[in-house]
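One chain, chain A, appears in both complexes that follow, with chain B as partner in the first and chain C in the second.
What follows is the complex of A and B.
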């Protein structure tokens, strides 16, 4: 396996709110190597997006980040804003979920892509503009030379997301973090965008961190998967580990909630009972315990002791944070 | 751009209709008041004969509708009151003739306009700069001392009447400190320095009063703007904080500010009544107030229509500027 370009160790993000300290991310580790794709999966509020914002140093001032974020071995946490600014958009770029709100409505798409280039390259407006056209063309915007002067509202949802991707890739970043890049799109367009991400990754050798709750997308593009629950890692491993050897009841719940073409359809989609805990409400025990169907197989420990990640059978570093030692197949 | 041209033509046509309706309404109001301008013209002692003569000369003996139609006709063809050697001409565009001042209303307005325009435009530039920058500073320092200070200034400005602040300014800067002239107006063409020197106090007084609304609007709008996704995008691209605020944030703030600004300026150009009185400047506001006191109907109608025209014009300009500032606005 290649040297990881981005490594995150024991990342904690705590928000100071009127209601006290809220730990949104509670000690996660992940790493991603050039040309590889890591998918971070979890429900809303599991800390996926906060983690990515923390990596970029983009959290609001009431958030405290601790741990290690290493880009090519260089620590990013605690770096002065001026230094971080040079890394943002240049070494690490972000693709947002909603391209309509992520693009500034007052400027043409070409201007916005060119701006991203000019922020990190000392070039004339003309050169940056040419580069913008080139990028828009590369991400598959038809007639890019003409469309470059159009405004975001003149594009369809899928085309807008392509613009955002062009903007993110304009500086050849080493790491691309895509925060639910397909959630706001139609299914057919989703497939196109995923294919585009896959293609550019292959072409540029970008390390991709894909934040998603769409397991279909994950299965298609990810190499490794990190399943997050309540700000912690529930399970991690390769994509095959997750889909064929899932060890955490929460991962199983996510897989079970996915409609499948190879199984006769049930009248209703399976759901995980209950709702995810709000950050800050977990004190002791396993955060998933209140919703877990296997607690009875373990007993007291689920309530009193927090499970740590422990190795599981699989292709490499497959780990799950569950007291249930063996794979809970009975209810699959 | 032909879209824009059509838009302007349509709006001007609409404006003409509004002006027509308005002139009719203003005429009606002045027919309803129980006073006779001919009485004032006839002097004392006033014999019934001379009263009748004055009435005929001023064309007040015609029916209300006829007078209104003569007024409309005068705008395009000019009017002549009386005949022979005593005849009074009012050239097109004739918006009425002031018998007490023995001048056509059009001339009166054009004579007074530079004074009012000097006051209004100078003050408007000041309050726009002052209000928007303080509003931005307040938003960026939300909850801190600078924010409270700006909001405090805004509150004082909003609640102080202009005559009070004007008189205080004259007292302090004019008499006690003897820094500025206390009244009077010097035309710009005569001496630009004296012009500005005589205007600086009214400018500042009006600017302080008006800036209040701009501080509050800018602050609220900027706070909203800074929460938008495209602001995060700008940061993620590696833009510095100044660029984020000025290039990406301010554009959206300016849209509502320009609306308010256009209407305020249009309103003020129609006569800064209190300010002109306090600083003894013979602008349109002063003309209007004296005309009301002397039942000089022609002047009142003329100035009212002119003010209305300015408001309509301001609206039109604001709409056009909107289209320039916000590409999502279509004039089609």
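What follows is the complex of A and C.
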């Protein structure tokens, strides 16, 4: 396997709020190699966006970040802001979760893409403008040379998402973090964006970190998957490990809860009782314990001892953070 | 016990159009948004119908016309066999009892200053009824909540629980038909599954009929028996869900279904990636509304708009297309 371009080790993010400390990300590790796609999945509030903001050094001042974020082996945590600015948007770029509102309504889309280029390249406006047209064309904006002067409101949601992706890619980043890039879009447009990201990776060898709660999208584009629950990793492995050999009860629950379009419906969807905990509310034991259908098979340990990611015997790099030794579905 | 007789009609929309435009001057109507543009739609007792289509296709508008929250520009709305197109104000009360709506955003559709008990009483009051506590508790139990929740306020609930409260409120007046507009799209998948199972239970246990408006085709497949597909304000295909899902006849339905990702890594699927965007509903294309993006388009498609016609030898499965997809090859059992 290729050397990873981005490595994250033992990342912690804690917010100081009026209500106390909020450990939104509580020790996660991941890495991604050029041309590969890592998907981070998990329900709302599990810490996906906070993790990506931490990697980019974009958290608000009430956040404390510890751990390692290595880009080509270079530590980013603690870098002075002017150093970070050289890297951000240049070597590593982020498509924000709320990308559609990330565009400024008062500037043309071309101007915004060109400005993102000029931030890292000392070129004339004309050259930057040409680069903007080239990028808009690349992301599939029809008639880009003419549409470059349009304003965001003149574009559909799918086209705006393409513009945002063009902006993120304009400096040929080595790593692209895309936070829910297709969530607000229709499936038809989603299919276009997925194909676009795929083409970009093929052409430039970009490493992609895809944050999503849509397991269908993940199955389609990811090489590796990290399942997050309450700020921690529940499971990590290849995309096949997750979909064909899920080892954590939470992952299994997510898969069972998902309705499918391609097969006749099951009489009932599997549900996970209750709702995800707020960060920090579960201090000892397994954060999934209150919702877990398997905890009775383990007993006390689920409440007293926090499970760490442990390799699954004979399954390569597949790891799960669960005290159950065996595969859960065989047990119920 | 089921009989072969055609069951009672709960809702019938006849040739409904809803244009949003500047009122008054006729020349301005040329600029109107043709949100719903000639729809015939029937729901019978016991049916659960999915209404799907891309953003802006007119699903919510149709739902609001059906529940008499919006007046149609043209056409008629029959509820329980009675034409209610021109019924307004107090006279709408008995109509509202028959057909109730559940909205997308459970947060926004519940008054934050009212307790759950008050929220659930509102529809009764609108009918001039004072509900008993036992009635309210029964409602909560129907949606998997309990008496202890009666005195609480919306912010004390999770998104999924709030959506259950929205459903309980709609069920309070024992409607014949529930129209749910994107009831689970704001919910996480584990919570979404809870609400979908609830809808299935209400169907099985109370015999509830509903129309489920959603853009997520997998969600709709899970809990509906019939499917209608909208494109640019018209229904382009409808039929029994299993038939439409397994053998779509309209090219748009086929493309839409093929675009839904399937959770099976490594399994290659034939995907029809539609190019371009949905045209503006102010000036839809002549003839077939889908022709600007269709992979089968011919000259004839630009002439007259195709109407819904039976396909695949089934009387119930219909598509509006000059060149529908053929039925699937005989399946071996």
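The definition used in the following text is that the second predicted complex is superposed on the first by the 316 of 332 C-alpha atoms of A that agree within 3 Å, B and C clash if a C-alpha of one lies under 4 Å from a C-alpha of the other, contacts with A are read in each partner's own complex, and residues count from 1 in each chain.
Simple rule for what comes next: a residue touches a chain if its C-beta (ideal position, glycine included) is under 8 Å from a C-beta of that chain, and two chains touch if they have at least 3 such contacts.
Here the structure is a predicted model, which means the values were calculated and not measured.
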Clash or fit: how do chain B and chain C relate after the overlay on chain A? fit
Touching partner for A:269 - first (chain B), second (chain C), both, neither: second
Based on the superposed arrangement, let me know which partner A:58 touches: chain B (first), chain C (second), both, or neither? first
Answer with first, second, both or neither: which of chain B and chain C does A:43 touch in the superposed model? second
Touched chain A residues, chain B compared with chain C: C
Who does A:12 touch here: chain B (first), chain C (second), both, or neither? neither
Based on the superposed arrangement, let me know which partner A:301 touches: chain B (first), chain C (second), both, or neither? neither
For A:253 in the superposed arrangement: first (chain B), second (chain C), both or neither? second
A:130 contacts which: chain B (first), chain C (second), both, neither? neither
Considering the aligned complexes, could you tell me the closest Cα pair distance between chain B and chain C in angstrom? 13
Pick out the shared contact residues on chain A: the ones touching chain B in one complex and chain C in the other. none
Please output the residues of chain C touching chain A within their complex, sorted ascending. 54-55, 158, 160, 188-194, 196-197, 200, 215-219, 221-223, 242, 245, 255-257, 259-266, 271, 273-278
Within their complex, state which residues of chain A touch chain B. 56, 58, 81-82, 85-90, 93-94, 96, 98, 101-108, 115-116, 119-120, 151, 153, 164, 167
Under the definition above, what is the set of chain A residues touching chain C in their complex? 43-44, 142, 156-159, 186-188, 190-192, 194-195, 213-220, 222, 239-240, 243-244, 253-262, 264-272, 275-276
In the complex formed with chain A, which residues of chain B make contact? 228-230, 232-241, 248, 251-252, 325-328
